[in-house]
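The two complexes that follow have subunit A in common; it is paired with subunit B in the first and with subunit C in the second.
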Partner chain A sequence: MERSQVLEEVNEIFKDILDNDEINLTDTSTADDVEEWDSLTHIQLVVAVEKHFDIRFKSKEIQSWNNVGEMINSITEKIQ
Partner chain B sequence: MELNSLGFLFFFVAFFILYWFGTGGRIKLQNILLLAGSYLFYAVWDWKCLFLLIASSAINYFLGIEIGKTENEKKRQVLVWFGVLYGILSLVYFKYTNFFITSFIDAFAFFEISLNIHTLKIILPLGISFYTFRTISYILDVDKGKIEPVTNWINFFAYVAFFPCIIAGPIDKARTFVPQLEKKREFDYSMSVNGLKQILWGLFKKVVVADNCAEITNHLFADYANLPSYLLLLGAFLYTVQLYTDFSGYSDMAIGIAKLLGINVTINFNYPFFVQNVAHYWRNWHMSLTSWLTEYVFTPLSIKFRDYDKWGIILASIINFVIVGAWHGANWTFVLFGFLHGCYFIPLILRGRMNKKIPKIEKLPNGKELRNMVATFLLIMFTNVVFRADSVSHAFSYLAGILTQHFVVNVADIEYLSLIKLSILLVIILVFFMLEWKGRAKECPLYVILQNRSRYLRWAFYYVLIVMIFLYVGEEQEFIYAQF
Partner chain C sequence: MKSFNQLKKNLKLDFSGKKVVKIAILGDSATQFYSQCLRATGFDSGFDLQIFEADFNQIEYQVLTPDSELYKFQPEIVVIYQSSHKLLLKYNKIGEKERLSLSDDRISLLDRLVDSIESRLNSKIIYFNYTEIDDAVFGSFANKVESSFVFQLRKLNYQLNEFALQHPNFFVCDISSIQNQIRKDVFYQASIYVNTEMLISIDALPFVAKETMDIIEAFFGKIKKCLILDLDNTLWGGVIGDDGIESIQIGSLGIGKAFTEFQYWIKKLKERGIILAVCSKNTESVAKEPFEKHPDMVLKLDDIAVFVANWENKADNIRRIQSILNIGFDSMVFLDDNPAERCIVRENIPEITVPELPEDPADYLEYLYSLNLFETVSYSAQDGERTKQYQTEAKRIIEQDRFTNEDDFLKSLDMVSLVEPFNKFNEPRVAQLTQRSNQFNLRTVRYTDSDILRIANDNTFFSQTFTLEDKFGDNGLICIVLLKAEDQDTLFIDTWLMSCRVLKRGMENFTLNTIVKLAKEKGFRWLKGEYIPTPKNQMVRDHYLNLGFEAKYGFWFLDVDSYIEKECFISKK
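So, the complex of A and B:
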């Protein structure tokens, strides 16, 4: 799967979980850029991403992400 | 040597002169002086435990370097765990050994079995809860690559022992503190003026508000069985104000002193009573501890429990707050205090409101905001009774007394309560909170209040605060958080 397609699918998951159709993620997006993205919804986002791509992240990996791009990197590594 | 004592004033003036004028602005000399001053400050309190502080610093210093060098993931994890366990076990040994022994004896006594075990004579090393959290965060951050290992031992040891913060925080992380020690510090006039303002405000909070509240609450909490419910409520209210002004007053002084040395220490309180719910309160109360636990306990746990959806977050919250409570000391009251706060989060989590961003109140709160503020304050006040009580049964009796002791006493007959003194104190508390409300946009209200008015008016106000500190000084009380 192309990296851009992964980003697009993650964007859809964010829209769905955070109930906000105006979300437009880029590699540099962080929780500060999205109003509804807080530590509580973050966990729900992680679970939704794992289910969607049928993957499992390591705890340390999740905590190491600084922005959406790093999350996409983790996903693409796992689905290839 | 309390931060509000004359002894400390002499020590600090001498230190300040040496630091800025005796070192010729050389970073290395300033850092050596910081370390020497911190050890001298610590030794005056507790010279025997200084060796433990040095040993902890040395162990974590070498561990940090070793973790940075080790590429083998397994070996690295062993080193990280060694550092974390060393910190936790030293806390457990010094703070909780006797608590475990007495709880064990009590548990057997419940089944009428008497055990012939004695408690141990262990002294609690000053500031151990604060400096141990500093070293643990350093080890975890080196492991995660959030900070390079500190190779200059003077800087690392000075970070662990930094005297304004060693007794009661704030708990700075190495990744924000150590880089400041590596940079050239030049005397900054406006930063120093802000530091002095913050010290003045901290002193006012501690000496005028907290110590005068303590004079009353000490009696009310001891004599609770003979008091009517309205005086018990007064006790709970005054203790909540006392705990805030005592602890945040200390933090203000520590932050102000650090500013005079050209160092920015992390903010610890952000007007925690002007909040809309308990989660909002914890984002503004003892922030350096809360952010520590959020990063190293709550987040990893909530990730671990992520398959259980909101219930996983609830479990992580409760564990997190039981640790917050137990961190304060070896008493079931603190555990219960933490557990209750964890439970306060349940409705917030279930309704998805735990971390919702809350819009700032521009001038005055509307009806709903005011209601939320008062309700949150009452919840905090209720758990602070548990926090203050000597034992869980004391806490329950006190709280039951609020509900059941419906009789009237003549306050004039209570020898330790003077109506005039109490009225003055309540007026001071009211004015104090009005000033805090006015200045809430900045770290310290004095940065804002009267800043656009004439210099004379501003200085007149500062003199009023200073005169009150000298005139209205309460019975000197040890800082509450110095015992943790």
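So, the complex of A and C:
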């Protein structure tokens, strides 16, 4: 899967979980850029992404990403 | 079942008009998602759950400190979640001797917690039992080692049940059973726990919230009372009209086993007080034949309160069953293997519960187990008699048709009523009636067993319970009046409720005669009544008006001195 497609699908997951259609993620987006994205909803996002791509993140990874791009990297590594 | 994410969308909806209930949630692990999920699940059941969530790991502090936030909040229900995981962490740190008493120690802690709550709040407690963790230190041999974690955990779950037996306001929420159902690796996700201290996975949350909600609904009388059954391919394999009694599948062979075991389940429900009815597209005599003659039928005609078999539309037939039983559609469950019939019933009677039975009858039971349709918060030994009472009611209806004059009919019944205050023998039935009665219930105040005991010992209350027996049989305890002395002249009718089984028998007149007499004996001048409307108690809106009470200041008053005894055909036993 193309990296851009992964980003697009992750964007859809964010819209659904955070219930906000205006979200437009880029590699450099962080939790500060998205109002509803906090430590609690982060967990929901993680679980939804895991389910969508049928992957499991390592415990360490879950809090390690500095931005969306790093999260996408973790995903693409696993689905390659 | 809706996912957590779908449920969460409920939180943004309008909760107005829903039943407000105050709930406190105390956990030894993070419970934020659980709280959200419970509130969202409540929305779908018509509740506006106002939740106080204690800070993480504050169970003992909140419960044992008299002026804690918990007590300031004054919840109606306290949910306590002490997790197996935290229990294991504790176990890891203690020595052999303490390990041996892990379960006992937890129960004595619980005893202190429950004591403290009961002394400060009149609330119900929902306590999660312990999901299994096998720490694999001993393997299966753990079952022979008393100090092993596995041994202690299972002992604890058993002791919890014993504890619940002793504490009427304490209810176990069986999350251990949920973990068995959805698998441990679904229930618990280690990476999420490591990052958040949450021990229930996002996928498991809706199950745990539903299990909690089922108990809460039962507290408020939202329970299932009746199971309506299709016959062909639901109770037995095959079509009785086409295949004949020799060829239908039931018994110990092949798929017949599935139907036999299914019938045993239904029989157990009947024994625990669920009313059974049949609704089948068949010729009545043909439909009844297996019940009468097939040696492998578990269910007999005696087990069925109302038997409807004809070629009419099932929705109409269910309405007929409802009018005979006189209970709400929302307390009925309809089981039918045919998706088209299910659809017709669901569309015409939206309140009724119609499970989507799996195609393979072998799967019926496991599927129905997973729905937990018949949650309850009370059980008394007489519950099993209920079917018989509804059957006699059907006989009375037929008898009534012989009389043109209502009074002659009532006289012919030879009715007697036993009148008694609350006591330890009738307390379970009294509590249960206050929880179950929705229609003939003036104020719809719900009481638990322990409330009833408290009231029985409180001399500002006067309680009266009534049975009704006639030549067809004994209806048992069917009416409750609870009076509270407001001042030296006035007796307030806190509760007046009656089972709808005994409507139109003059029981209201008999009841009023009895309580007026009691009021006079105790030196009161006024009976004061109140009607609190609910979506279900329309039928008693004019109850006090019809009985001659006068409206004043939003209440209803009756002067007992000028009361003229009302005519009725019931005598005191």
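In this section, the second predicted complex is superposed on the first by the 80 of 80 C-alpha atoms of A that agree within 3 Å, B and C clash if a C-alpha of one lies under 4 Å from a C-alpha of the other, contacts with A are read in each partner's own complex, and residues count from 1 in each chain.
The definition used in the following text is that contacts are C-beta pairs under 8 Å (C-beta built on N, C-alpha and C of every residue); 3 or more make two chains touch, one makes a residue touch a chain.
These numbers were taken from a predicted model, which means no experiment stands behind them.
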Subunit B versus subunit C as contact partner of A:Arg56, first or second or both or neither: second
Partner chain(s) touched by A:Asp38 [first = subunit B, second = subunit C, both, neither]: first
Partner chain in contact with A:Val47 - subunit B first, subunit C second, else both or neither: both
Which superposed partner A:Asp19 touches (first subunit B, second subunit C, both, neither): second
Partner chain in contact with A:Ser64 - subunit B first, subunit C second, else both or neither: first
Shared subunit A contacts, counted only where both subunit B and subunit C touch the same residue: 39-40, 43-44, 46-47, 59, 62-63
Subunit C residues within the subunit A interface of the complex: 4-5, 8-9, 12, 32-33, 189-192, 194-196, 198, 201-203
Residues of subunit B that touch subunit A when the two form their complex: 144, 294, 298-300, 302-304, 306-307, 309-310, 312-313, 349, 352, 354-357
Footprint of subunit C on subunit A - complex, ascending: 16-17, 19, 39-40, 43-44, 46-48, 56-59, 62-63
Subunit B contact footprint on subunit A (complex, rising order): 35, 38-41, 43-44, 46-47, 59-60, 62-64
